[in-house]
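Note that subunit A is present in both complexes that follow, paired respectively with subunit B and with subunit C.
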Partner chain A sequence: MKDKIRQLYALEQLSGGHSFVHKLHPAVKLLTAAVFIITVVSFDRYAFGRLIPYVFYPALLMALSETPYSMLLKRFLFTLPFCLFAGISNIFFDRASAFAIGGVTVSYGVVSFFVIVFRVYLCVMAVLLLVSVTPFAEITASMRRLGIPAVFVVLFEMTYRYIGVLFEEAYSMVTAYSLRSGGASGIGMKDMGSFVGQLLLRSFDRADRVYSAMKCRGYALRVFPRGRGKLERRDWIFGSVTCLLCIAFRIIDANALFAGIFRGIA
Partner chain B sequence: MLTLQNVTVIYPDKTKAIDNLSFTLGGHENIALIGENGAGKTSLLLAIVGILAPAGGTVEVNGIRLCKKTVNEIRKQIGLVFQNPDDQLFMPLIYDDIAFGCRNYGLPEEDIEARVDETLDLLNISHLRGRSSLKLSGGEKRLAAIATVLAMNPSVLLFDEPTAYLDPKAKRALTEVLKKLRHPKIIATHDMVFAAGVCDRTVILKDGRIMADGAVSLLSDNELMRRCGL
Partner chain C sequence: MHMADALLSPAVGGAMCAVSAAANAYAVKKIKKDDLCEKKIPVMGVMGAFVFAAQMINFTIPATGSSGHIGGGILLAAMIGGFPALLSISAVLIIQCLFFADGGLLALGCNIFNMGVIPCLIVCPLVFKPLLKNGRQWGRIAAASILAVVVSLQLGAFGVVLETRLSGITALPFGTFLFLMQPIHLAIGVAEGIITAAVLCFVYKIRPEIMESTFDGAAIQNGVPMRNVLIVLAVVTLLVGGALSLFASSYPDGLEWAVGKTAGVEELEADGAVFKGAASLQEATALMPDYDFKDAGEDGSGIGTTVAGMVGGVLTFVLAGAAAFGISTFKKKRKGASPA
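This part shows the complex of A and B:
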């Protein structure tokens, strides 16, 4: 479990890098990620082909920031069961035939299932890449600068910090339990209630101490850390090109366009 | 200069943690705050930085009286190092942990970077700059926790059980670091040898009251120690 805690924050540790993407203004990265996600989720549920050009964003960011793909993929796999669960019912309820490949009929349900998975993949990658190229403090400072209500930002900060606290407390409790459990694997059902209750109380207590330590160093709900200064030329270029591409792929069917061009050449 | 006058701290369950306590810390004084478990050492430190609101009395730092309006200024001037460094190291990188306080006080990023590097140099832990607290030893965590408050350039330092979780080697290293720091300090500890090595004055607490206040040689008075439950 100690390893899980490390994994949880390992991605953020990459944010101290010095690549072109790392040096971009955090507000630009936050805004482009938001535009990317909004455009990706705005497509209808059968638009698989229209989503393909959007791979440009994670691919570009990954290449420029030199973020290891395996780290991102591992984290995406955590979300996979949720999107599989969300999309699986489509296969059973939406059985109308969409097209056939080599005599095998593919239903609209199957298409929408893959659209959900692909859409989640793109969005999760965008968020993971944002975290891996931007220090957490800069993300929250930018959220405040962009006018997101303080209460949401604080909630976001606290949730993120306390996940680690919860893991650590659970780790020490599980260790103490297993050492006296006579070789039993996991937590016995009869002890589960008090275990979860104790975990909650201990986490509250620990979270309170962490919050005190934060307050001792000037943390307050209404005093915000200063964000990074003005936007530079590279920020404007990166931001506008990325946003324009996202919007262009939303308006224009890039697949049909490229197919038309190739047909014309042929 | 830190002045406490008739400070009383009462917990919501009506337990009196600190009872009418007064003393002054000035110059380059180092006070060892000694007392049995539950004597009120941690409560006193938390009351000084306004985490626990005193039910009575006054806390004054360099002429600024602790109240709701001044609490942030007081916290800027007093650095509290918690007993468990894990409570103090909550950012993904040690650099961010040390920069956290400076960022909250609105320092420009270039100044913050300079301060962080200066502090890391002072404590000889520059190699920890880009590391995660999850991968540090107890001694390294302790020094990193001290760095988080030193970077804010406080005028007074408070330590809650700084030798807890440390092996003898790390304890010796910590003693050297604390001797090097010129700030006036209050060090709450059970470690008499460490206290005698770092401090020049002792305040002994029992049930939230001062039982003795004097030279560090008081620590070798066995009869006094026994009366104070030590």
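This part shows the complex of A and C:
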């Protein structure tokens, strides 16, 4: 339980770095991540070779931003189960053989299984890298600039901040429960109503107090001009190069080209 | 129940994003009309965080040894009303997507729809509230919450199956997928429904005014024609899905899938049998892949092309890895050279 909350704020700590990627404009980072994901997702389900060039994006971004690889990889593994389920079913339902290598026939199902896993890897990495190089305040600032209503952005900020607070509350309640119940690991079903209900009431009261405190400090639902405004030259270069490459790899089969060159040499 | 980007096609993902954005925008508009809007926001934020904290509390299901956690859509809708609950759930889902990689960026639309719009805007006003119209005794609250949670989970699971199927990434047949998803979510729904019922009964006993206010007083709830919301959502889905598929079909190199899928969407609403036909047709065409392993290369051998393709792929991976490794080593060295 404690682990999960540490996970949440660990990414935010990473986002305080000073690398080239961190300094990019948040809107540019968001746009390139979106273009990357959409192009990756738009390939059909057997296009493993076509997806390979896209591995450069997470690899280079991670190296440039000095993001620890193991941390992101762990999160990728957590997201895998549902996709593995969908992927493995492909192996069973899609048995037409795609090609044979050294006497072993590989079916289309197997190919599409690897395509799904690889796709998950690319998409998850793109999102996690986006967050690990962009401070939270800049994320919300660009949400505002994108025209998302202030009501929602403030709500988003508050939810994020209060997760930590309410988590502490829940954690101490769970600890108290387990101490009084001889070290039970979960909450018994019959106590769940009053337990969660209690947490809910405490949250409600806390929200009241938070509102009063905010009001005392002059809170009003205004749009605050925050974050950077203009795009700099490096933003233009990074954004256009990355997006163009993503689209180019979508149109040109780079892997086949590469293979052709390799065959030419051999 | 979180869907991932990898299992979605851009047309389905884009259309669902538009729908969920529209639903959220509508909710924001409704809430802004409320005089207490400013005060509602901290409550909504803290309640969103509460859902997060509550999901981390595992309960033990008696006699099975397994454990589960609550989802919270109906619970929030009952406590603070449908529209604020939708916004809270959306915020929670965005945080889960960004910071835990639970569900993807493109899949956000689907996830918000399946876990937010369905319980808060569809099941809560159509199932939960009517059941509690005439009195709120213990038994009624329990029955209404169990039923509402079960219905919204069933609809949500059905949404997952439908969206995945329309995207055409997995080869799992529609029926099989459905038979896997619905019973699992029925079991989850019953457990979650019982917990939701217990929580709501407890809260109602201790602080009845919280639920009373969302049912009776709240200006937000009054005069919201549910039909209009649903019509708007349907129109947005069709428009965006149609526009995206037109855009996709104008590509020469074949985003054929998008057309097939979107044709599938329209057929589905018209007729189940036609949809089945379209789905099998689409299955047949999908078996002719872009990536042509069997294709003979210029030097005549199909195997040669395959092997060359594989070696090329491996080399690309190695190159990417080497570049990343090179950059990090260079960076480390530079850091070591200039101790700041």
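Basically, the second predicted complex is superposed on the first by the 201 of 266 C-alpha atoms of A that agree within 3 Å, B and C clash if a C-alpha of one lies under 4 Å from a C-alpha of the other, contacts with A are read in each partner's own complex, and residues count from 1 in each chain.
In the analysis below, contacts are C-beta pairs under 8 Å (C-beta built on N, C-alpha and C of every residue); 3 or more make two chains touch, one makes a residue touch a chain.
Values in this document were obtained by computation on a predicted structure and should not be read as measured data.
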(request) Check whether A:G183 is in contact with subunit B, with subunit C, with both or with neither, and answer first, second, both or neither. (result) neither
(request) Quick one: classify A:A220 as touching subunit B (first), subunit C (second), both or neither. (result) both
(message) One more residue to check, A:R119. First (subunit B), second (subunit C), both or neither?
(response) second
(request) Answer with first, second, both or neither: which of subunit B and subunit C does A:P81 touch in the superposed model? (result) neither
(message) Which partner chains sit in contact with A:G147 here, subunit B, subunit C, both or neither? Use first/second/both/neither.
(response) neither
(message) For A:Q13 in the superposed arrangement: first (subunit B), second (subunit C), both or neither?
(response) first
(request) Identify the partner contact of A:V210: answer first if only subunit B is touched, second if only subunit C is, both if each is, neither if none is. (result) both
(request) Would you mind checking which one, subunit B or subunit C, touches more residues on subunit A? (result) C
(request) In the overlay, answer first, second, both or neither for which of subunit B and subunit C A:F156 touches. (result) second
(message) Quick check for you: in the superposed arrangement, does A:G197 touch first (subunit B), second (subunit C), both or neither?
(response) second
(message) I'd like to check the shared interface: which positions of subunit A are touched by both subunit B and subunit C across the two complexes?
(response) 161, 165, 206, 210, 214, 219-220
(request) Provide the residue numbers of subunit C that touch subunit A in the complex, in ascending order. (result) 2-10, 13, 24-25, 28, 31-32, 37-39, 41-50, 52-54, 56-62, 67, 70, 75, 79, 87-88, 90-92, 94-95, 97-102, 104-106, 164, 168-173, 176-177, 194-195, 197-203, 206-207, 210, 248, 253, 255, 257, 286-287, 289-291, 293-294, 297-299, 302-313, 315-317, 320-321, 323-328, 331
(message) Taking the touch rule as given, give the residues of subunit B at its contact with subunit A in the complex, in rising order.
(response) 46, 49, 51, 72, 75-76, 79-80, 82, 84, 86-88, 90-93, 95-96, 99-101, 103-109, 130, 132, 134-135, 148-149, 152
(request) Could you pull out which subunit A residues touch subunit B in their complex? (result) 2, 5-6, 9-10, 12-13, 15-16, 135-137, 141, 161, 164-165, 168, 206, 209-210, 212-220, 223, 225-226, 228
(request) Report the residues of subunit A in contact with subunit C in the complex, numbered from low to high. (result) 1, 4, 7-8, 11, 33-34, 37-38, 40-50, 52-53, 55-56, 59-60, 62-64, 66, 75-76, 78-79, 82-83, 86-87, 89-90, 93-94, 96, 98-101, 108-109, 111-112, 116, 119-120, 122-124, 126-128, 130-131, 139, 149, 151-152, 154-163, 165-167, 169-170, 174, 184-189, 192-201, 203-204, 206-208, 210-211, 214, 219-221, 251, 255-256, 258-260, 262-263, 266
